[in-house]
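To start, I am sharing the structure in question, which I have written as structure tokens.
Chain nomenclature is as follows: A, B, C, D, E and F, assigned in order of appearance, with residue numbering initiated at 1 for each chain independently.
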Amino acid sequence: MQLHIRTMLTIVTEGRLENDLVELFEERRIRGWTIVEARGKGAHGEQHGSFDANHNIQIELIAEAATAEALAETIQQRYGAHFALVQWLSDVRVLRPQKF
Amino acid sequence: MQLHIRTMLTIVTEGRLENDLVELFEERRIRGWTIVEARGKGAHGEQHGSFDANHNIQIELIAEAATAEALAETIQQRYGAHFALVQWLSDVRVLRPQKF
Amino acid sequence: MQLHIRTMLTIVTEGRLENDLVELFEERRIRGWTIVEARGKGAHGEQHGSFDANHNIQIELIAEAATAEALAETIQQRYGAHFALVQWLSDVRVLRPQKF
Amino acid sequence: MQIDPVVLFFLLGLAAGWAKSDLKLPSALYDTLSVFLLLAIGIKGGLELAKQPFLAILPQALLVLLMGFLIPLLAYPLLRWRLPQVDAASIAAHYGSVSVVTYAVGVAYLTRQGVSFESQTTLFLVLLEMPALVVGVVLARLGARQAAGDVTPSAGHGWGKLLHEVLLGKSMVLLLGGLAIGALAGPDGIKPLDRLYIDLFKPVLTLFLLEMGLVVAGKLGILRREGFFLVGIGVGLPLMLSWVGIGFGVLMGLSPGGVTMLAVLAASASYIAAPAAMRMAVPQANPALSLGAALGITFPFNLLVGIPLYHQFATAVTGG
Amino acid sequence: MQIDPVVLFFLLGLAAGWAKSDLKLPSALYDTLSVFLLLAIGIKGGLELAKQPFLAILPQALLVLLMGFLIPLLAYPLLRWRLPQVDAASIAAHYGSVSVVTYAVGVAYLTRQGVSFESQTTLFLVLLEMPALVVGVVLARLGARQAAGDVTPSAGHGWGKLLHEVLLGKSMVLLLGGLAIGALAGPDGIKPLDRLYIDLFKPVLTLFLLEMGLVVAGKLGILRREGFFLVGIGVGLPLMLSWVGIGFGVLMGLSPGGVTMLAVLAASASYIAAPAAMRMAVPQANPALSLGAALGITFPFNLLVGIPLYHQFATAVTGG
Amino acid sequence: MQIDPVVLFFLLGLAAGWAKSDLKLPSALYDTLSVFLLLAIGIKGGLELAKQPFLAILPQALLVLLMGFLIPLLAYPLLRWRLPQVDAASIAAHYGSVSVVTYAVGVAYLTRQGVSFESQTTLFLVLLEMPALVVGVVLARLGARQAAGDVTPSAGHGWGKLLHEVLLGKSMVLLLGGLAIGALAGPDGIKPLDRLYIDLFKPVLTLFLLEMGLVVAGKLGILRREGFFLVGIGVGLPLMLSWVGIGFGVLMGLSPGGVTMLAVLAASASYIAAPAAMRMAVPQANPALSLGAALGITFPFNLLVGIPLYHQFATAVTGG
């Protein structure tokens, strides 16, 4: 089995941003992503998730390195100043490179 | 502390496949895995998670490289054609190598 | 965009330990972490998540390598013997190194 | 024709979803409501069953089973006209099976109109759930076998697993379980539970319909893409199938209300049991297509137009 | 002054949270309960609306809208005294908008006291939800524009998106949707739903208040940090604003009960619609501050002290 | 002996789980139902408490506490016969504490039989929740201390934390909180809440029992592995302990119904509070073992066989 390296961008941020981020992904023609509900703590305090206004989502998104990095940078610039936001990148090996 | 490299296989797919996949894991004598509820978008459209027939799961499974890769290949062959499915592999460092 | 390497510690364990672990993080002056609900199987049997006494959490925590490893070791020593617990470490690239 | 208030909740959900409101019901609520509705309908059926000797309705039950096998066989050739075999088979299965919520709205409609109907219709609902699924799978597999190497042994469950999937699917278990509980406990035993399972049935249905409105709104995308064809299926099939129901109803000698309910059952399409079973049994079929038609078109069509219409049909035919 | 039992549930939640009990309600329950409360209040309002000609209450409705625009304009300069513009604007918006649960507890209080009030107060609740949010955003943006380069175009949604956010936010959709359903279906149509939307309203409120107690307990940290200032806002503003409500109530010629309810609405601060809208429209504002004041102080203050007090004010003023 | 309909829901869940149906209730529903049941039982107890002077039942309360301390001390030596100390201690704690749902089914059983019982049994339920947990932890720690170096200071919480865990665990908080609310608000204050907390209590119990059936079915694996021994514990202990309850009941001079309820309490094993506390206090104990016995065997045994049996015992002994 031949594996191919791609970059995974993980975004942890406020649930409210989901619609905006998905719009951004569509603009950039990203073809897929995965979202899970999360809570956590960071510089913006605790996000308990018990209450409407206050839950995180974690988005995982596999793409080519350049695409993922550019996306991370845009998100950082657009939302980093005022929203709870942490992003990280890592390498993953995928089976079907044409998918990402 | 000495750390040991193992391979982590992550599987994102339709919730309906959970039972089948767990059966497959048992057959292969995989000793552990972790499942979280997810939603997402991909080639098979959006999986909102709001509705029975339509939610994803994300499975993480640490194993030896060969085991993980073989598993990924089987899953790809068995379900890749007709089900929403994305898999990726990455390296992780674990504390107790005998566990995986 | 310049990226910086940090270590991500992932902890999968019983939901009951959440309070204790968060206390430990605060002691160690860890500045952030993310928690998602999980279920799974391991040496301690299945954690279905359907029932109070029986669900997992998965904690992700980005920190400097030394901090993350020391934390993993403490957790292993303190809870490894009697609780369902799996931990792994991996490298991630972050945008704002001063945050972690 | 005044609209039933329960349907207004569906329209509210539909409007909110269509306008991209951030209104969202937790999925746990959806799951809870559907467990409740299935159990409550089962119990009601069981209570009625307890009242009459089973043998008396056996002939009717057999006829209903026959109808369940027949409907997908009627729908399939029509659908084949423009669809691949697997998709035609899967959609035929959806329309052969039934929608519990459409049934419930039908009951609400007749009750509001003061029209009575035979109590065994709940039993018919249970009986209709499964046969069409079996027929659908057979049709799909016959097709697939002809289509050569495309189908590996792994594409879809074996028959044993499939039967398990259908018979022990959530809807069957709760409907049959409720039926058994209602029949065993009888009216006296169930009385202390009436406050939930009887009194709150209709109000809870409103919440469920609100959610269904939101879900259907989420299907508008596929409708736009698949356009007229899906609308044709989603409106044409129930209209046609309602007459199959009317025919069988008349054959069984049901009252006008009973004939109406059988028409509603025939015209309704499953969106819980069928998608679950077809996904595992015929994974090659496109679930967006069958769910788009059954849930995106037929469900609202039946709620808003179909049910009153079938009632008029039935009244005209039975001269009731 | 005997405490209403529904408030005891709030205190239980508060105590449990404060003592760090492991009591936790699932977030799906919270979401479900708030959907239910909003719908139920909307329906009740719609039923009342159906009873009287809309034109008759139009003048009152316009006055209420005016009050909604006025309150944040009054609160803003006071808050500017010690807060940055964005935070002052955001808090002003929270207090100009309304808390549905505070309203519901107010209704429970008056009902228990045997005091009647005009049925259109539910309509007022709906009307007050939005105007203050618009004013708050304008104030914040005027401020931000002066504050130079700090605000990139991306900091906050544009007006179109914002209006969408507010008008199609969960609370507006459910309140207005309920209103429409109640008005369209009328008392006869809603009757079969009474068992849920009317009979269970107050009991369900207890569960919601239990949860709110836990949520408020979670805000004690920020209270401790921000100390006296937040308490000053959280107690001072509602006390002051209650008199604005009383003034408008008297102007409209409402009964003592009606004046009380308008005071409650004026004094209550939104913690569902406002945080959602402000977060997207004015992301520079600190949400911990506004939510801390509105939910951490004002909400319990109104429940425990404010509502009875405003009733006394209103009785004294109207001589009722 | 006719089976109570609520028990049928348990059997339905058990059957569905055993047959590996895909029926699954959302965990949020389980959490919600248990919050509701605990609160409702607490409130009912509080209402009863409000009726009688506290001092009058103080002697009985003390006897009940004594029983709570005694039961684990009786069970422990029996369990030590084949189990390690930590496991024996943990299981002893589970059986010394009580199961709220078993209690509720007992109430339903007696009500159905038309047998009255002392209202303070709800108070007894609350009192029995905790003492056994304390005894269990002491037994485990004495044992562990002897077992040398195995126990690092980190294995298990300190006493302070543990007391917090137990006293502020969800069950204690909701039971005591409900008790206080019921006592403070009195029958008049609670009346508007009756529709939920009283009328829906039994119907809601059915949903909870359905879920419990599914949960118990999930424990069949451990039963198969641990075989006869677990069954021996799970049937033998409650049978034996029911007589302890009967003894104390007679000693207190309770009516036949009251003696039955005390037997039910003594024979029931905790599966909410005890597992939570033991997991943190005695992490060396195997939770699968204690939960397997308490939930997998004793819970269904009590529901199906135990409750009617204890009632017969009690009637025979009291000559009622």
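Basically, a contact is a pair of C-beta atoms (placed from the backbone, for glycine too) under 8 Å apart; a residue touches a chain by one contact, two chains touch by 3 or more.
On a predicted model such as this, the values are computed, not experimentally measured, just so you know.
A.B. asks: Give me the set of chains touching subunit B intersected with the set touching subunit F.
C.D. replies: C, D
A.B. asks: State the smallest step count from subunit A to subunit D, taking one step as a move to a touching chain.
C.D. replies: Step count on the best path from subunit A to subunit D: 2.
A.B. asks: Quick one: which chain's Cα centre is the longest way from subunit C's?
C.D. replies: The most remote chain is D.
A.B. asks: If you list every residue number at the subunit B and subunit C contact, are more than half found on both copies (same) or fewer than half (different)?
C.D. replies: different
A.B. asks: Tell me, please, which chain's centre (mean of its C-alpha atoms) is farthest from the centre of subunit E?
C.D. replies: Comparing chain centres, B lies farthest from subunit E.
A.B. asks: Once you find the CA centre of subunit E and the CA centre of subunit F, what distance in Å lies between them?
C.D. replies: 42
A.B. asks: In whole angstrom, how far does the Cα centroid of subunit A sit from the Cα centroid of subunit E?
C.D. replies: 34
A.B. asks: Send over the residues of subunit D in touch with two or more other chains.
C.D. replies: 22, 24-28, 31, 276
A.B. asks: Where does subunit B touch two or more other chains at once, residue-wise?
C.D. replies: In subunit B, 36-37, 90 touch at least two other chains.
A.B. asks: Among line, ring, star, complete and other, which one matches the pattern of chain touches?
C.D. replies: Chain contacts: none of line, ring, star or complete; other.
A.B. asks: Quick one: which chain pairs are touching?
C.D. replies: Inter-chain contacts occur between A-B, A-C, A-E, B-C, B-D, C-F, D-E, D-F, E-F.
A.B. asks: Could you pull out which subunit F residues touch subunit D in their complex?
C.D. replies: Touching subunit D: residues 3-5, 8-9, 12, 15-16, 19-29, 108, 199-200, 202-204, 206-207, 210 of subunit F.
A.B. asks: Under the definition above, what is the set of subunit B residues touching subunit C in their complex?
C.D. replies: Contact set of subunit B toward subunit C: 1, 3, 6, 8, 22, 25, 31-37, 62, 90-96, 99.
A.B. asks: Within the complex, which stretch of subunit B touches subunit D?
C.D. replies: That would be residues 14, 16, 45, 48-53, 55, 77-79, 81-83 of subunit B.
A.B. asks: What residues of subunit F sit close enough to touch subunit E in their complex?
C.D. replies: The touching residues are 26-28, 31-32, 35-36, 39, 164-165, 168-170, 173-174, 177, 180-181, 184-185, 189-190, 192-197, 276.
A.B. asks: Going by the contact rule set out above, which residues of subunit D touch subunit B in the complex?
C.D. replies: 24-25, 27, 30-31, 34, 154-155, 214-215, 218, 271-272, 275-276, 279-280, 283-284, 287-288, 291
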